[in-house]
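Both complexes shown next keep subunit A, but they swap its partner, so subunit B is in the first and subunit C is in the second.
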Partner chain A sequence: MFGTRGHGGIFTFNRNDGYFEALVRGYRAGILTQADYANLIQCDALEDMKLHLAQTDYGDFLANEPSPLHTTTIAEKCLERLVNEFVHIRNQAVEPLATFLDYITYGYMIDNVVLLITGTLHDRDVTELIEKCHPLGFFKSMATLSAVHSVAELYNTVLIDTPLAPYIQNCLLEEELDEMNIEVIRNTLYKAYLEDFYNYCKELGGETEMIMSDILQFEADRRAINITINSFGTELTKDDRELLYPNFGVLYPEGTSKLAKTDDIDQVKEILNAYVAYRDIISDTSAEKSLEDAFFEYEVKLNKMAFQTQFGYGVFYSYIKLREQEIRNIVWIAECISQQMKSKVNQFIPIF
Partner chain B sequence: MADPGVIWGSTFFLVTLNPRIWAGLGVGLAMGMSGIGAAWGFAIIGTSMLGASVRVPRISSKHLISIIFCEAVAIFGIISGLVILSRIGNNVVEPPTPTDFKSSYILFASGVTAGICGIVSGLSVGVVGSGCALADAMNGSLFVKLLVIEIFASALALFGLISAMLLTTKASVDM
Partner chain C sequence: MSGKNRIPIFPTRMALTTMKSKLKGAVTGHSLLKKKSDALTIRFRAILSKILQNKQLMGATMREASFSLAAAKYAAGEIAHTVYENTTTATMRCRLANENVAGVHLPTFERNERIKDEGASNPQELTGLAKGGQQINKSREQYVKAIESLIELASLQTAFITLDEVIRTTNRRVNAIEYVVKPRIENTISYIIAELDEGDREEFYRLKKVQGKKKRDLAAKEAEKAQKKELEGVLNPGSSRHQPAQQRTILEEGEEDNLVLFS
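Presenting the complex of A and B:
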């Protein structure tokens, strides 16, 4: 009612965060619907897509682009728009919404760090790499990542000034940074980040906890399943694999300990049959719909539920994830159109 | 003056205070608590309405009705206060007679009734109005239905006013 330690309840939430929640709900109303996708599918060229998008909330965002449009340009501009909306809210938010929005950006920061290190290992130019980074995950010491060669250096010179510093504690044992270890480092950082975010949402309590705990638990389980499937045939030992699973989620602890011992994908499917939600997801896959698509679809379903309640922070997180899914959809449709593969154009995931 | 009895007895506080304090408190609480409820309701509705009207400007004028309901809560508070006030006269017989005690306590009770009804009604109108603004921004046909809920919420303050008025008729005139 009056709110737990975190944000306000039904009587006090609006004082600090009511305006932003209403603003995000306005943004959400502009997410493309089935009717918009039906228009986009019928386009024959990217210029037609630009015309149709101009009639949605996107407006004239592609107006200044030079004439042969590329799908990468469309994706960049859509992302830029999303980032502007996020930054607009983040700049005005106060605690605890400010911390919550920061937590959303840490995931992108981890991706950027790994991207820069991998690029450095392949001797790419730092400025070129920084342009490819996700804009929501910028932090100040990004350029210094080119001088990093070991994990200890990574921590001491770069990460210690970023909010990612506490997440690297579990992988300070690694010495060298090479192809294999980079993935392990990425997954360790992400595991620590997810656990931290989950605990923070529990602290906030109320509606936020109710919505975010489901979403984050699914995220943890999805990471566990993907790590398992991707590690078949690599040098990652089973013990190391188990260390990378987040320690929360529907699959934790029994499911993850079983997953750690599997050797092929049929065993994985057998384990997941015990969990109703994942059994449905796996049975939903087919030749046209990969496991990843099924996961995306389930994620969209969970994120849509955040908008059913009021006075919680779930709407901010869910709006960003739904927009990202929309950008993936637009890019898929654009690629199908530009490569003349209209038969596959219906394989996007509808949101509303 | 009534015999105070044992000094730490349970009625010492009540019988040694001049009962007209309670009558004054009744007036104050009726107006004050209704004001708190109305203000809280304004705060809850206002932010949601403004945020939602960024994308959907048409709601900014329609939802002034929710604001009017909140204002009505405050007005009921003033009316209750005035009704209670009209019973307080210039009679200052000392020591206070038993009738004075009874009338004062009744006026205090009626003030508290109006006040508490005002707070809860203001809060209720606020929360419902906030939801109404957000729902109307998504789907315009929901406005009238949610407005009916707000009317009922606003009626709570009206009940408080009526109860207060009925209670004050039990207090003697020109107390």
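Presenting the complex of A and C:
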């Protein structure tokens, strides 16, 4: 794969990537602030939200929508805007930034591929599924999907051409695709992806490695914890569960081997008490704030830190993640307003 | 007279007995139907109040369910498409059962979950394994509750409609008996009784008349006899003998002739 040499440091980074870093920092300045959220919370209808959003960096992105506005429309349009910004950068980027940005998209590509496999398994029309795919995860061989009618064909003609091919080849055999639970497939692929991304960041070195390793380690640990907790009482065996834990992170290898043996959530909490950061996260949860919320908050914190240094690629990754959190926040507020549940509206995570 | 709405039938005593037993039958039927109608109405009112309660509960449950879906989407992202594509058959089904209330068959719906029995596990249970799984499970539970309350509501509403129908028919029958059948029978009975009475009266009158005639005849005969006796008394004053000499016999007439012959 490309980009085995690290990117430039203080002296040479700006030559290739300075423009893009500046661009991203400009975008970052447009992320909604507490004041914006305060305005949004006070809206009584989605039309008011549209008005308030028009005064932020979002501008008239909802201008052409027909009158009864739906939360799904808002979500789509926000995502579209994010995708446009990303594609703008990606189209102009050179190596190794280009590969880094591609890595960011592989996560979404995995979701899309899983959706396609599911659709093919159940004999649905695969071309319809293309509309439901995440736009950041499009890959070139999507155009050939109409010729695919079985999982074997999907595997051989489409999946092999994607950048995900190495992950698929290493972890999954063609026959297994039919039998394995789709979520297990998804998580196996994601584990391979995370490990690969982590190694790539290590190769890049410099500020990128510093920032991204923290973020990716947290992601790996978070997935391990979530998989453990969510697999209690399901048909996922402990061995299978252990296979899904990524092989890096603060919890690896002791924490993960302990987690693989647990049976309930109290044991999990005990294990996590040994790790300071996670102990704090768990003690932060309450009836109002679930574990997921605490994880989101910690993730936002880590991502914000990426902008404190320069000459690293972490800003690109963090910008995408922060924007996603913002979209989640906006959609949450919109749902609370439209479902008349304003008492719960404050459960989003403010970013800046 | 009141229109004479009665059953056309020949007024005999047997007809009267038949009509009387019919009336008894109508009265019993009427009271039974009334009881049925009352029982059904009580049940109807109970169902009505339950429906009201249930609808409110359902409104609240559905609201919570949609909200839990929003929370699940917040935590796990856009899961909808994967979930749709992954569905094969229904995990939650509904079964129709029959309930009998005062002779009325009411359909009821029951929840029928067939997961654990056939070892068919729910393939969707691992959705959101790495992210948002708990919120998804919570949402799933909320929606299951919502479906249960919907099933209950459906049972109640079908029962409501069926009962309404049946109560209407029963009431119609009750009213029919009370305002149509019974009056007709009663009118018929009174007509028959009237006819019979009239016949009786006629009979009586005839008898009286015959009696009177007989009396008159008797009286007339007496009078004639008395008259004849008077007449006799005038013609034969000396004869105190009561000889009924009016009629001489041929023998006596023959004696007179003998006197003439032998002199």
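Quick note on the criterion: the second predicted complex is superposed on the first by the 314 of 352 C-alpha atoms of A that agree within 3 Å, B and C clash if a C-alpha of one lies under 4 Å from a C-alpha of the other, contacts with A are read in each partner's own complex, and residues count from 1 in each chain.
Methods note: a residue touches a chain if its C-beta (ideal position, glycine included) is under 8 Å from a C-beta of that chain, and two chains touch if they have at least 3 such contacts.
Here the structure is a predicted model, which means the values were calculated and not measured.
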item: Subunit A as common anchor, with subunit B and subunit C clashing or fitting; value: fit
item: Which of subunit B and subunit C A:76 touches, first, second, both or neither; value: neither
item: Touched partner set for A:153, first subunit B, second subunit C, both or neither; value: neither
item: Partner chain(s) touched by A:214 [first = subunit B, second = subunit C, both, neither]; value: neither
item: Contacts of A:240 with subunit B and subunit C, given as first, second, both or neither; value: neither
item: Of subunit B and subunit C, the chain that contacts the larger number of subunit A residues; value: C
item: First (subunit B), second (subunit C), both or neither touched by A:297; value: neither
item: Touching partner for A:48 - first (subunit B), second (subunit C), both, neither; value: neither
item: Arrangement angle, subunit B at one end, subunit C at the other, subunit A at the vertex (C-alpha, nearest 10°); value: 160
item: Which of subunit B and subunit C A:23 touches, first, second, both or neither; value: first
item: Least C-alpha distance (whole Å) that remains between subunit C and subunit B when both complexes are overlaid; value: 30
item: Common interface positions of subunit A, toward subunit B and toward subunit C; value: none
item: Residue numbers on subunit C that touch subunit A, as the complex places them; value: 63, 66-67, 70, 73-75, 78, 81-82, 85-86, 88, 121, 123, 125-135, 137
item: Parts of subunit B lying in touch with subunit A, wherever the complex brings them together; value: 40, 43-44, 47-52, 54-56, 123, 126-127, 130-131, 133-134, 137-138
item: Contact footprint of subunit B on subunit A as seen in their complex; value: 10-11, 14-15, 18-23, 25-27, 29-30, 310
item: Subunit C partner contacts - residues on subunit A that touch it in the complex; value: 71, 111, 114-115, 118-119, 122, 124, 129, 132, 134, 181-184, 186-187, 190, 223, 226-227, 229-231, 234-236, 244, 290-293, 328, 331-332, 335-336, 339, 341, 344
